[in-house]
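Order as written gives the chain letters A, B and C; numbering starts at 1 within each chain.
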Amino acid sequence: MDRKAYRLADIVARFGGRVEGDADTTVNQIATLDSAGAQHIAFLANSKYRKQLDSTGAGAVIVGEADADATPRPRIVCANPYSYFARLSAFLNPLPAFEASVHPSAVIGEGAEIGTGVHIGAHVAIGAGARIGIGSVIMEGCSVGANTSLGANTRLYPRVVVYHDCVLGDNVIAHSGAVIGSDGFGMAWEDGRWLKIPQIGRAIIGNDVEIGANTTIDRGALDDTVIEDDVKLDNQIQVAHNVRIGAHTAIAGCVGIAGSTTIGRYCRIGGSAGILGHLSIADGVEISSFTLVGKSIREKGVYSGIYPFSEKDSWLKNAVHLRHLDDMVGRIKTLEKELEALKRRD
Amino acid sequence: MDRKAYRLADIVARFGGRVEGDADTTVNQIATLDSAGAQHIAFLANSKYRKQLDSTGAGAVIVGEADADATPRPRIVCANPYSYFARLSAFLNPLPAFEASVHPSAVIGEGAEIGTGVHIGAHVAIGAGARIGIGSVIMEGCSVGANTSLGANTRLYPRVVVYHDCVLGDNVIAHSGAVIGSDGFGMAWEDGRWLKIPQIGRAIIGNDVEIGANTTIDRGALDDTVIEDDVKLDNQIQVAHNVRIGAHTAIAGCVGIAGSTTIGRYCRIGGSAGILGHLSIADGVEISSFTLVGKSIREKGVYSGIYPFSEKDSWLKNAVHLRHLDDMVGRIKTLEKELEALKRRD
Amino acid sequence: MDRKAYRLADIVARFGGRVEGDADTTVNQIATLDSAGAQHIAFLANSKYRKQLDSTGAGAVIVGEADADATPRPRIVCANPYSYFARLSAFLNPLPAFEASVHPSAVIGEGAEIGTGVHIGAHVAIGAGARIGIGSVIMEGCSVGANTSLGANTRLYPRVVVYHDCVLGDNVIAHSGAVIGSDGFGMAWEDGRWLKIPQIGRAIIGNDVEIGANTTIDRGALDDTVIEDDVKLDNQIQVAHNVRIGAHTAIAGCVGIAGSTTIGRYCRIGGSAGILGHLSIADGVEISSFTLVGKSIREKGVYSGIYPFSEKDSWLKNAVHLRHLDDMVGRIKTLEKELEALKRRD
């Protein structure tokens, strides 16, 4: 594929920053410092990797002010090289255009409203009364339930399912296999059997939310499950019924969030972490990977709880004492008392 | 949407319990105490939240005998308010009716038997020789493999896959993205490569089982994987080959169960827990979230094993010693011996 | 179903090993020692279960040299009974044949190349410019993105999604709900919001790879995500962008691997384990279930880090001290010093 090339001068005209070195240098793609060639522009997001500037084959680089003179190579100097890279990459790698069309194999329910410019792919099912906002793209095999509403420029990758009566905002991206609005896990115990509790709340997804592949977001039991604007969810996350996730929070893969928990805004949650139900997590909380949060967190901060790994023999030798910690503490107390007695006797 | 309203007197005539206060009060929907309005009936499942009765805007409430006089509001008094709520909610929120029909885009294999009253949605594929029991609903995009059998009134939400030669009972519910009967993870190591072991067992799902979104249940390697009646599985659970789960057991989201493990009846397993392979878990066992069960459990009871979380600095300071617990125990022993020697010397 | 029966003599003629006892004994299926009947051949993979040979109802058994005389039953003696069983089972249980055909409901993009002998099922979508290698089977409801290439004899079970521009080798098996090539979780923080970073790398899957149900493999951010030959991935595994997994590595269910981590060849990773990002794991490393790997592993070996479970009361009593381990160590140090002082004084 022949890619269009751009002069550094043209790039700063569009995205800001300034050029040091030859402003007529052309690049046609972004690459890492490690793998870049002469036709590529690479970026240095963190000064501590400055040494990689010496060995890169990149035709040009994006650097911050602190590294403005760290290389003689043609370069764009800007305030935030990482977001500069993100913007430039989006410009160089536009999403494929989807024509405004409804594939003949798609099935559109009665009364559904399809906005202008919408693309609906093969084997899609849109339920009765659903609304698809202008410019949205529903790729092949998706299912949008009855009376569900999608905002503008929302994009469902192949085989996404959104149940009935849910709401997705503008610019939402949902990756393949994501399920939004499935029944929460609610049942009552009666006479030795489970009795299903109807899940009549909705799943409400704000604007600019991204939902990873095979992530599941249950609808509410009575009230709604709510994902606020600009929340970013990685793959295989489980969001139970009546959870609320505050705006701008980012959650890594495989996290499980139990029912009715509220997570604040601007939080960052590491992969495979878990949060129990009916808890409240403050704004700006950071939770480490693999940490189970078993009570509410009222203060912004970083929280962890991981058992450290080691060679199995060493782990076995040490872990066996975890079942006797209380006994150890008792022995220390006894020693302290007896030593005190001895000292007093002297 | 205009909802039909019911008098409290009519509700107790149908579901039992007794009315205190104005039996002509009408309600048209269930709600939580927090969000209920005058047209709603709320419920108090746990006396410790009794205070919420004072502030609720609910037109009526469901309470237990212990709370019969805890509010002057019109109320239904019954033995188990939570299951009463479940039954009433199911009555007020009936599942949408699906007409008995096979969508023209569905593909039905040779010799498949479709029971009376069955609904088969768009883009469904039913394999040769499959049997779909009366009144079952197979929503859009599902795949039912060859010779697989579904009981009566079973409901597959969009994009469920059931592999060939499996058996699902009556009143089973499977949510979107669930995969039933996929190959177990079986292979033999030979001459420096893996050799696949054919997975020729089946997945057998009992009556009244609910299976959450994106949950996976592998077929057996030689014998079958079995999920007994009234088992409830939340989202994103992994059930490996030849697992057996006893009747009435409920398992929360993201749990992983390794191969050939047997779980008893009436168990409750918390979210993100794990159970290793070839184990046996007794009836009535409760396992906390995030707990790894590494050996069989012979006695009913509650079992836990979670590393507690804390602020990261505190966690770091403490966790570093986990790799030296054995050394700590040795030092305590030495202290005990030396102190004993000192005491004896005196 | 009438199954074809084979004489033990015929089996060893095809697969090697030798018969002890009546070589005219016929069998038509593999079974476990526990459930086998007279028409079955069972196998003893591990001498420590030798006692089961006494009670099995199997018509014949497969044993290793060490167990050649452990039963009078007709038997095949061979070097590796487990792989012998795998090969024999594959012979007795051939995969159903799929005819070379493209279902009329499938949608094939412009310029896609479909190899000879390929089966494309109902409701499949193949993107423009995609290539499907000879003999491959794409079952109902799969989606293969534009310009993606699949090798020969590759098999996608129903509802697999492969995004655009990815590469799968020969003899790959992907189970239902697997998603390959979805966007990695990449974004830059700018002015109080997230900015999406285009994920322009690919997902490259080698030959003989098996991918479990609902497993997700993200495409690379700039460079590619790479799964080498003969890697075996169980269900619900999450592989983040730019991960590389070395040949012959096997990973059990529910494992999460964060971005840019490299895992060596011949590794074995237990269920629900996690590996943080930007790490390097050596060849031949074994990681226990539920273990979080938080730093690189340079040496072959077995690594663990699991908090042991116990009855909840006992766990509570002990776990409370984990937040005070550092204090415990301080108290031990103080005791040691004071005891030393006392001893010196005497």
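Some observations on this one:
As a working rule, contacts are C-beta pairs under 8 Å (C-beta built on N, C-alpha and C of every residue); 3 or more make two chains touch, one makes a residue touch a chain.
Since the model is a prediction, treat every value here as computed from it, not as a measurement.
Taken as a contact graph, with one node per protein chain and an edge wherever two chains touch, the assembly is complete, since every chain touches every other chain.
After Cα superposition, the angle needed to carry chain B onto chain C is 120 degrees, rounded to a multiple of 5. At the chain A-chain B interface, residue numbers used by both copies make up under half of all numbers present, so the two copies contact each other through mostly different positions.
Chain centres here are Cα means. That of chain A falls 25 Å from that of chain B. Shared interface positions of chain A, i.e. residues touching 2 or more other chains, are given as 105, 123, 141, 159, 177, 214, 236, 254, 272, 306-308, 310, 319-320, 322, 324, 328, 332, 335, 339, 342.
Every residue of chain A that touches chain C in the complex is listed here, in rising order: 30-32, 34-35, 80, 82-83, 85-87, 89-90, 93, 96, 103, 105, 121-123, 139-141, 157-159, 173, 175-177, 208, 210, 212-214, 230, 232, 234-236, 248, 250, 252-254, 271-272, 289-290, 306-312, 315-316, 319-320, 322-326, 328-329, 332, 335-336, 339, 342-343, 346. By the touch rule above, chain B contacts chain C in their complex via residues 105, 107, 123, 125, 141, 143, 146, 159, 161, 163-164, 177, 179, 182-183, 185, 187-190, 192-198, 200, 214, 216, 218, 222-223, 236, 238, 240, 254, 256, 258, 272, 274, 276, 287-288, 291-294, 301-308, 310, 314, 317-322, 324, 328, 331-332, 335, 338-339, 342, 345.
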